[in-house]
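Residue numbering begins at 1 within each chain, and the chains themselves are lettered A, B, C, D and E in the order written.
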């Protein structure tokens, strides 16, 4: 299995023995993970397995307690979201994290506004925002100047995804990006994931929808109660296998590095 | 082409949706825009409109109650009387936008002014230098508060309450044996007590119109370059027209001789252009720069802002510096008006400052409000004092009426928002 | 924190060491600079000189704090208590002290049920203020009965403000003056300025004199008068630097000078006698029979400013600044 | 069987998960519980612990600075001095839990007390009747505020600021300019100035122990009946033991003669059991009744509470009534201590009341805090005044020290929470 | 089509010509909907079609501007959530609406606490809460006294669902209940929906996952841009048909009542 991966070159990001606990609760108990440029790595696992916690560590939102993170082979510190974005890591969070009092454009460009002489170039941002949204098959948003608080669940999710793919990133992490999306939008997002990979971006996608996972993923990593119980090649495994790992019916083999 | 920064993963050609489906609300004729504006109002997005309404109602009320209310002189009075509160309200907007509060803003202005005057009067320091020291201390104050709030994580209510007490002590110590010092710097006294020449008032209006037109057209040019819709140009002309008419009327009134006793008093009070410049710069920063945008973002959802890479701590910190610095300006207006500084300077005003902002439509919970709102709110509160001052009521009645009018003004605001479909929590 | 100096004379209360302490409560730091800057100094110096320890604290305008300070002083023991009342908080403290057998002196403001009262007469202060207005009008050749006089009092929730008001009104009424406008009273320069500006506006810009309760408020009033190019009689009290400057500049008719030292010395003398176990007497009595040591306030016009300087209650260097410098020379102040 | 109300759709038999997988945190031995407690602390859930820490630090500090600090007399002093602020802090908890504020709580206490005393002293109304009137006016005040906040939708800051002004005017009118009334009702004076007989203090401790034991055992019995885990019984004994030892020590100290001159002064001050009873009832309501639960829910997420069928408006409204009513009690303590009422009564204290609650660990943004927290916070603030009162400092220094200590106390709180893994927003 | 429904008896709830707009935006443009006891009605539609708005009106959270709502054939007013719960309507909202500062038990019983002599019967609530949660296959929740703020996305969703089925209701509305759920939990929720229907409860379920929809639904109603474009029998239609209606590729036929 590892042989096939070596073919994918060096991993862009590599976690080793990552540990995280919240007070008494130990959530990640020494997790390893790799993501390769141009490949889609799916991260699956039961509710509460620790998937979101794992990627929040990668995003610098909740730093790990212990463990090594290597980016392009170099150990890096991810203490703040700025550290992560400096490395070219873009994240769509499960809880979306949008500012309800701002509009769509303002949210999409938050932290990376286009300016000219220090003042906003609103026209350019509007155009880029609506281009990106349109490519995600958004149909019911009337204006990119709508407040985010007035959007439907799926619309909010689309804005969060659009935000993450607005700028060229090296690693895009999507935490259940299609949970609230309609049929057409889900399809567009899966296309988008594939297009990103084709352009050499590393993608980590978390999803409970195994059909979607098998559609786009090159590798599938399964987290079970804070431990990585399997790292599989998507085309060498089956849905039932993966479900087995997720529910704990199957136990880890040697392949779990 | 300037799209290259957009991720190439986004390929608009794969979609079948027409390019103009997602607009920006700027499309459409004048009629569409006006309709959209009223719909925004109806949906509860009223801004400072209720406060403006309250102001108008109070104006009408007082002009019935006192023949002196609607005089040129009283109009000038109102502007100078409101200046201190307007500045303080604007100062507080910076921290209110974050959902924080600065209870020490008043005593900061008092303490720095005490320092300023004592340096000049007792130590003989040149006033410009002393003023710089006062501003430096104001900036330090903001830095101090910001440190404890943004860095250490103490609720701003507690930090600034502590400072509210501490600065009273320091003012007491600075003012010392003299007890009460006269402001003897003609330049400072002039701020609130002298007027610009009449021509300068008109020139000011010209500058305002020019700046307003220039920014409007620059914005339009940039939008055109980016290829997005612009509002119909008629709106620009309407805006300039309104400024010309309202501003022109105000300046015409202020250009008439309002002296009641000896001598001619005419022209726009000097404090007015100062306030306008600060208001303009502040609004520019809040609306058009990253700093301002981040203030709103943090006030709306600090965690989301942090995840977007906003330096939350730094922005919070500097917001308190902005607040304290503008509080010093408000202190300057105050001593110019009063002509003296004593140990109690600035102790009472801070709650009124917060009230001004809130009445104007700034949210105490952060993320909503503009400098202009605070300024209008301050005018509402100032007009209460101004009007009641003409009625010669006993102290007790005066307090009761002030309190009631404040609640009433806020009621107008609340009801107009609810009518417009606001709060759903009233169950 | 506690030393035992002094003669340790027996009073009718307090134990041993405690009997040598004089406990003083000052009312606030805001209404007038005198408490912290002068009273504290003179009382401390006087008691020290007599060899007694002093415990002087300021209630900072808070009745609850007043009570707290009293508790704290009493728990350390006091040989005598010198109380400046604040909004009535003094009475309960006096009662408590007397229950512990400690003699109580009411200082500057009357308190029910005390043993002695040392004070300037606040009503007299008001009378002097009123007199300065009446005199000012006479000098200006205005008929008091038709003169437009604005009354600018102090915070009505403060008992002293009422005494100043009553005294002033007594004199002015007798002279035939009636208020043309009487805005709400405050102890606040800015509010005072606004209130006066509005009163002036409502009088059509015409005013002949302004009775003002203290120098802080007067300064605000004078700024508005200046702005309108008016010079009319204005009263005040406290002999603050700004007040004296305004007097020298002719913008304020006079300020009532309450030589704190006189009052403090009288109080110290009384306190020392009590600490030494004597039963001093006073020449006057209040209506309820409390012995009353009265100290007379003084009206300070431009000519008398020099007296204040001589008494050490104003620093000529601070006083003679800028435009005032010339006036200082004129009135012989160095 | 009492499950019949549970939806029959839930069929535990279809699941393969062992029945005891989801616990309630009450399982385990004494050691487990203690470990869990420390883990809760480490995870930032510190409650009033930092405030208690601050209190201890201040106590140690002051006992070095003044030999009088650690005396029986000063201990009794502290309790009576703190009583007013403790009550006011507790009153404010009800509205702070909702994320609201009541700036008028202080003047409400002042105004009602002015009314009370004037009714008694001037109008000769029997004091019990007058007291009832005062409470009625307090309740009306809360109703008034609640109407505008909960029904009309005005921010509580503005409503209560308006009332803060208005009530000063009304107090002035009731008392008259410069007026002052002595409290001459022995029962009222006794609250803060008399003590219970020594035996009554011990009896009080007995009652506290009995009530505490009774509720603990009742709770255990109910849990057993429901078939869920109970904490180990050792914890009950430990709790009772702690109450017995700490309470016993306090009462022992207060039972010694602390009179310094004539007469014996001993026993627990009467105000103490009053505060304890109100604290107990209030805590009971907040922790164990729907009303309290809904206060927390609204403070946490008003919309979620509304969707759950909570009568949000009604609860908000009544919270202001609770606040105003308890504010009247705090006014009662104040006039008992001060012995008189004047027109400025209650004007200064409200910010300290809010600070007390915040220092104790109550959140200004709603949803977090307990009555006990506010009480402990008030003790911290009271001990600052108490200790400084022994040190004979000039007013200026005193203010500066008070402000600094307040910030310091809050810093202790903030840092201990961060250490414990709290705020993640400091970036 | 209507014939088969008449077999199901009278609808428990019936919407007729329901209209709702937010300021300028008209979201529901005259919508009809019926739900029958013992039947599962799926409500599907594109993002922003107005599904959540429709059910928020039924829940009394955002009352409709116009239209008739009949419950058991009687016209009713649904102005507050209390009106709805008085009729036995329980709702799981898409945005969950939990109080982060309260724990799981407190959230589940909010507004319907078990009391004894006016004070909480905590033991009973704990037991019922943990019973209900266990039946939903929740594996990683350690204690029912955990604060909701510390739960993972899926755990929060489970709590919201458990809350809705805790008490016997007559109509249960689930707005994307399985969006954040893992494989096993999703299965349990679908079982639960079927069990509810078997017990005669009317269920309205909103979902973008058509596989799930076809697994449980008896009827499928499709909302398109604020209009009900199709009301279908689940066993007489196909996935492609439904997708066609959702995306607007197929246009309404006569059957759209």
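Operating definition for what follows: contacts are C-beta pairs under 8 Å (C-beta built on N, C-alpha and C of every residue); 3 or more make two chains touch, one makes a residue touch a chain.
By chain, with names taken from UniProt: A, E = Sugar ABC transporter ATP-binding protein; B, D = Xylose transport system permease protein XylH.
Everything quoted here is computed from the prediction, not taken from an experiment.
A.B. asks: So if I look at the partners of chain A and the partners of chain C, which chains show up in both lists?
C.D. replies: B, D
A.B. asks: Using just the Cα atoms, superpose chain B onto chain D and tell me the rotation angle to the nearest 5°.
C.D. replies: The superposition gives an angle of 180 degrees.
A.B. asks: Work out the mean Cα position per chain and let me know which chain is farthest from chain D.
C.D. replies: A
A.B. asks: Any idea how many Å lie between the Cα centroids of chain A and chain B?
C.D. replies: One centre to the other, that is 42 Å.
A.B. asks: Rounded to the nearest whole Å, what is the centre-to-centre distance of chain A and chain E, using the mean of the C-alpha atoms as each centre?
C.D. replies: 29
A.B. asks: With chain centres defined as C-alpha means, what is the inter-centre distance between chain C and chain D in Å?
C.D. replies: Taking the average C-alpha coordinate of chain C and of chain D, the gap between them is 40 Å.
A.B. asks: Could you state the distance in Å from the CA-based centre of chain B to that of chain E?
C.D. replies: 47
A.B. asks: Name the residues of chain D that each touch 2 or more other chains.
C.D. replies: 168, 172, 177, 303, 306, 311, 395-396, 398-399, 424, 427
A.B. asks: What parts of chain A, by residue number, touch at least two of the other chains?
C.D. replies: 22, 61, 80-82, 138-139, 141-142
A.B. asks: When you check chain C against every other chain, which residues touch at least two of them?
C.D. replies: 29, 36, 156, 185
A.B. asks: Which pairs of chains touch each other in this structure?
C.D. replies: So, checking each combination of chains, I get A-B, A-D, A-E, B-C, B-D, B-E, C-D, D-E as the touching pairs.
A.B. asks: Across the complex, what residues on chain A touch chain B?
C.D. replies: 59, 61, 80-82, 85, 91, 93, 97-102, 105-106, 110-116, 118-124, 126-128, 130-135, 137-139, 141-146, 165-169, 188, 191-192, 195-196, 199, 201
A.B. asks: Going by the contact rule set out above, which residues of chain D touch chain E in the complex?
C.D. replies: 2-3, 5-12, 14-15, 17, 19, 21-26, 219, 222-228, 284, 288-290, 293, 296-297, 299-301, 303-311, 367-368
A.B. asks: In their shared complex, at which residues does chain D touch chain A?
C.D. replies: Contacts found on chain D: 36, 39-40, 42-44, 421, 424, 427.
A.B. asks: Along chain D, where are the residues that touch chain C in the complex?
C.D. replies: Against chain C, chain D makes touches at 65-68, 71, 73-74, 77, 80-81, 84-85, 168, 171-172, 175, 177-183, 193, 260-263, 334, 337-345, 347-349, 382, 385-386, 389-396, 398-399.
A.B. asks: Write out the stretch or stretches of chain C touching chain D in their complex.
C.D. replies: 1-2, 13-15, 18, 26, 29, 35-36, 40, 55-58, 60-69, 71-77, 87-89, 91-93, 95-96, 99-102, 112, 155-163, 165, 185
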